[in-house]
Amino acid sequence: MKKFDPKLISGIIIIILGALAPWIISQYELSLLGRFLALSILAMGIMLTWGEAGILSLGQGVFFGLGGYALAMHLKLEGLNVANGDMPDFMVWSGVSALPKFWYPFQSGIFSIACVVLVPGLFAAGFSWLMFRRRVGGVYFALITQALALAFSTLLISQQSLTGGFNGLTDYSTLFGYDITTSEAARVIYWVTFVIVVIAFFFLKWLLGSRYGVMLRATRDGENRVRFLGHNPVPYKVVAFGIAGALAGIGGALFTLHSGVVSPALVGVVPSIEMVVWVAVGGRNILWGAIAGTLLVNFAKDQISSAFPSLWLYGLGALFILAVSFLPMGIAGLFRPGSGEERVMRRIISRRPLKTAE
Amino acid sequence: MTTLLKLEKVASAYGQSKVLWDVDMDIIQGSAIALIGRNGVGKSTLLKTIVGVQKLTGGKITFRDQDVSAASAHGRARAGIGFVPQGRHVFPHLTVMENLTVGLAALTGRKGLTQSGIADHIFDLFPKLTQIRARKAGLLSGGEQQQLALGRALAGQPSLLLLDEPTEGIQPSVVKQIEHALRRIRTELGVTIVIVEQYLDFAWSFAEHYYVMQRGQIVRNGNTKDETAAEIAHLVNI
Amino acid sequence: MAIPAPILMMENVTVDFDGFKALTNVNLEISPGALRILIGPNGAGKSTLCDTIIGRVRPTSGRITFKDQVITALPEQEIVRRGICRKFQTPGVLPTLTVIENLLIAGRKDRSWWKTFTHKAPKDELSIAEDLLEKIGLADRRDFMAADLAHGEKQWLEIGMVVATDADLLLLDEPTAGMGPTDTQRTAQLILSLLGKHAIVVIDHDMSFVEALNGYVTVLHQGQILKEGTVAEIRADPEVTAVYLGRSDDDDTAEA
Amino acid sequence: MGESAFLVGQIFNGFSVASLFVLAALGLALSFGLMRVINMAHGEMLMLGGYLAYMTLQVVPGPLGIIVAMPVAFLGAALIGALLEWSVIHRLSARPLDTLLATWGVSLVLQQAARNLFGAIGVEVTAPSWLNHVVQLHTGPLEGLTLPDTRLFILVVAGIVLAGIALILNKTRLGLYVRAVNQDRSTAAAMGVNARLIDLMVFSLGTGVAGLAGVILALLGPVTPTVGQSYIVPAFLVVILGGLGSLVGTTIASLIVGLFTALIEIFVDVSVAQVLLLVFVIVFIQFRPQGVITVRTRALEG
């Protein structure tokens, strides 16, 4: 390895800065950063499926929601004496007589955490298997996942007594007996999130560098070609989609922990597709691009939407159009030497007298 | 002797890989040109580049003294470039009559030409088409499809006709008809013809000028009178 | 001379596309390790025949047997796993993968997906791939993206990929399209060197190439087998001459 | 009301829902067949049609307002559609997934624009009095069956639009060119067909029809900035079920989705019906991944 590999050095600096963030930025900013880092875990999953496998999902919110709800259900039950007939507040308000059966296992923290990963992961894998085995892909797959997001969010809203309906699950204060509302807890939750982001990053880096990663890109390049070389492309895609689902679930659980709420408004059609734009802006083929895009778009959203709510929607719409039309490899693509987009961008940039990044 | 079509340093590429390099050609109005070479040397690509369905990445194409390098495929068709693609490419779900009618699109915007129907001479050249006018083109035999593809190109009343292997895969008896029709197209309609043809005996008796392609370039050209087909065939390893 | 049992048998295979008969009652037998050359004009059904063998197109009727097992209805990847691999007419390399990655994917012996979670290919597969790289003359392109190769190089890479699968039956659809005379001769030599170990079906137009291969020839015409025989026999056959080889002006033909 | 009357009523209801889906999905299916792209802003063309109906009725009140609104909505949506095709979709022509995302961006912008112009709550369009009747059966086995005029009106409009489009596709020169481009784009171009223009025309025809559907939506409920969204997802499912850009396929698929929705809602509530519809589509795909209509064509060589 070269002595001063700029990639290595910038990587180390970013990790150190990330770990020290609680002392560098304000508490409010930290809570935002934590939230957005949680989202970036999901974004890395989109990068895996969309960028590397060419599968566009407009329903990642579903898996995000499954993870978020799994944890929130546990949080709602914490401190309640279920055996005694205690029930979460919203059930009491909607006049439910007894805790529904499927809520019971969520008393266990371990079970809930397992669900955070496994339910979205397995659901994503199973659902995508049904699609990919019949060679449903591309636009068709995107549209079906969108229908999935719509069905999921309307179901959540309509089953008020089981899911908390439109308001979702909110108002919880402890996890594993610890108070999660203190600033100390916020810091710990941030670190947990940060560590998981780092783990997910290196896990995906390893995965994409493996022969599996090569096979996955091969299915993207030519699914039929792969078939005619004797490989079944379906499992590679299903595994990728399953991993993306699990990552979305983890992101959803962490996000719920940071924001103290999970609701249908976070998992439906619009948020699901918004997730794609984070990755589109950051760079669909580059892992760090997915994280950078998520942070960038969400901080921008936070800044703009609080001041000019309607402006944000115009901005988001414009972002979709511009990112996709003019920056198909996202921001990260500008840094990747040799890529076609980089060459094009270089040409565009070089026409301007401005000094640009890199 | 006026030049109808002029290619200057024409280049083309599929994505990253270049398939045509610096092709120069000069085609005189009323002449017939045979374009020959092995499979895959770029003959079809060259025709497609002239027609405009394959991207021109360098050089200049002049047709009837107008620079058409930037013109779209339909624009060139309307200017009078007719095309019979390799493998015929008839519209399989359209009937014979409908296929011919699509050919009329090339008349759009051209002055003094009628768009109302298929000219009689097409049915005169290919009497078979009248009998099968209501059949779906995808169900026709290769020979019938080829006659249809020719008829479709002629419906647009081109002044230049590009033919990509018009006799390939066709029964000998039909080949005779097509040969005959092509000769009539030349003499009766005065259409200039560029033909890509593996069937050298025919190409030689039909064209007065030939171009030989190799690896995306023109490597030789001359008059068909000056050399025999066999000599050239040996030379280009057809 | 005892004739070995055929490795591939097509029996009365017909392919019908909504009324258009691309293949009609085709019967074909290929012996293990043998060479078969398919010629015939465009649209005669050569590519459709290959498509039918590897399962891209399903026959309307008839059946195909490979190593004594019926493969007519198997999924494509399963047919390949039984030992048939095909090179397509247009180069079907995987564009964003490197040359060596392309070869390694083709050369995977164990095709289970759960065995791909390692960074290094098995040593024997790697050395086979490196050898092939040498053989197809792309050693200096090893880590190039396949998309950046020239057309002819892609052609070579795809031949390499087909060989890498180590299939018992290789179907090569116009392997020399876009190649010059030297490359064509090299391809012929490569193909000849593979015989015995692999049965090979070659589709080509180029008669000099066909002559260099000098194998048993099947002539297809309008979806049917018109003639089978050695190159010399085919050359001498008046019917084949009429429909395919150097058509001459002076023979008179009956109206169809 | 008798049980059979209820069932027939529900089936009738299914047909009228299906008619809306046909109108909403037709444009999507046509341009999908031609260009392989899906316009995610198609739902906003319905919305646009609704608002145009509202505005037309402000200018032309009275019983004939709605008749005037229909061509206005058609042309308005077609114009916006043409603009969209020309500015965004055409640029991304070879990248269907990117087109999907970019047009979603357009959809967000249009929704927000509607919110700023007309408010988030929505506007009401009152159906003219001649559409306020119901056909009611008082005797016979179907006693008690009520068929509202508006629903009958939808059926009639959908029938006319379908017939019109079928006529254009099968009987006019334009339709012939559309089919030619659909089958072999580059050959059609080489024959002098302006494939670009064909794309543009088909696309705007499709958005125009969606605008027309918007007028009908306005008769059924308030026009809100997100009114298109509730119809667009079923319309996408229709495209998936219908197969590639086929008129017959789209119609059959609309009927399947419409009837399925209407009949399943007898037993379960709307949200569960939505889930079951999705399950139905997934199951359907397991058996017929290519959609209801498939054409087995000879792959052209070369």
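When the chains are written out, they are named A, B, C and D in that same order, and each has its own residue count from 1.
Going forward, contacts are C-beta pairs under 8 Å (C-beta built on N, C-alpha and C of every residue); 3 or more make two chains touch, one makes a residue touch a chain.
Remember, it's a predicted structure, so these values are computed and weren't measured experimentally.
Novice: Just to be sure I understand: going only through chains that touch, what's the smallest number of steps from chain A to chain B?
Specialist: 2
Novice: Which one chain sits nearest the middle, judging by mean Cα positions?
Specialist: D
Novice: Farthest from chain B by Cα centre, which chain is it? Let me know.
Specialist: For chain B, the chain whose C-alpha mean is farthest off is A.
Novice: Could you tell me the distance, in whole angstrom, between the mean C-alpha positions of chain A and chain C?
Specialist: Averaging C-alpha atoms per chain gives centres 45 Å apart.
Novice: What is the distance in Å between the mean C-alpha positions of chain A and chain D?
Specialist: That gives a centre separation of 33 Å.
Novice: Among the residues of chain C, which are close enough to touch at least two other chains?
Specialist: Expected reply: 17-18, 20, 42-43.
Novice: Give the residues of chain B touching no fewer than two other chains, as numbers and ranges.
Specialist: 86-87, 138
Novice: Mind pulling the residue numbers of chain D that touch at least two other chains?
Specialist: As it turns out, chain D has residues touching two or more other chains at 295, 297-298, 301-302.
Novice: In their complex, what parts of chain B are in touch with chain D?
Specialist: Those residues of chain B that touch chain D are 44, 51-53, 72-74, 77-78, 83, 85-87, 89, 91-94, 98, 101-108, 138, 152-153, 156.
Novice: Which residues, counting only chain B, touch chain C once they are in their complex?
Specialist: Residue positions touching the partner: 14-19, 38-41, 86-88, 136, 138-139, 141-143, 165, 167-176, 198-202, 205, 214-215, 237-238.
Novice: What does chain D use to touch chain B in their complex?
Specialist: Those in contact with chain B are residues 173, 176-177, 179-180, 183-184, 186-196, 295, 297-298, 300-302.
Novice: Which chain D residues qualify as touching chain A in the complex?
Specialist: 32, 36-38, 88, 91-92, 95-98, 100-102, 104-109, 111-112, 115-116, 229, 233, 236-237, 239-240, 269-272, 274-275, 277-278, 281-282, 285-286, 289
Novice: Per the contact definition, I'd like the list of chain A residues that touch chain D in the complex.
Specialist: 50, 54, 56, 58, 127, 130-131, 134-136, 138-140, 142-144, 146-148, 150-151, 154-155, 157-159, 269, 273, 276-277, 280, 310, 313-314, 316-321, 324-325, 328
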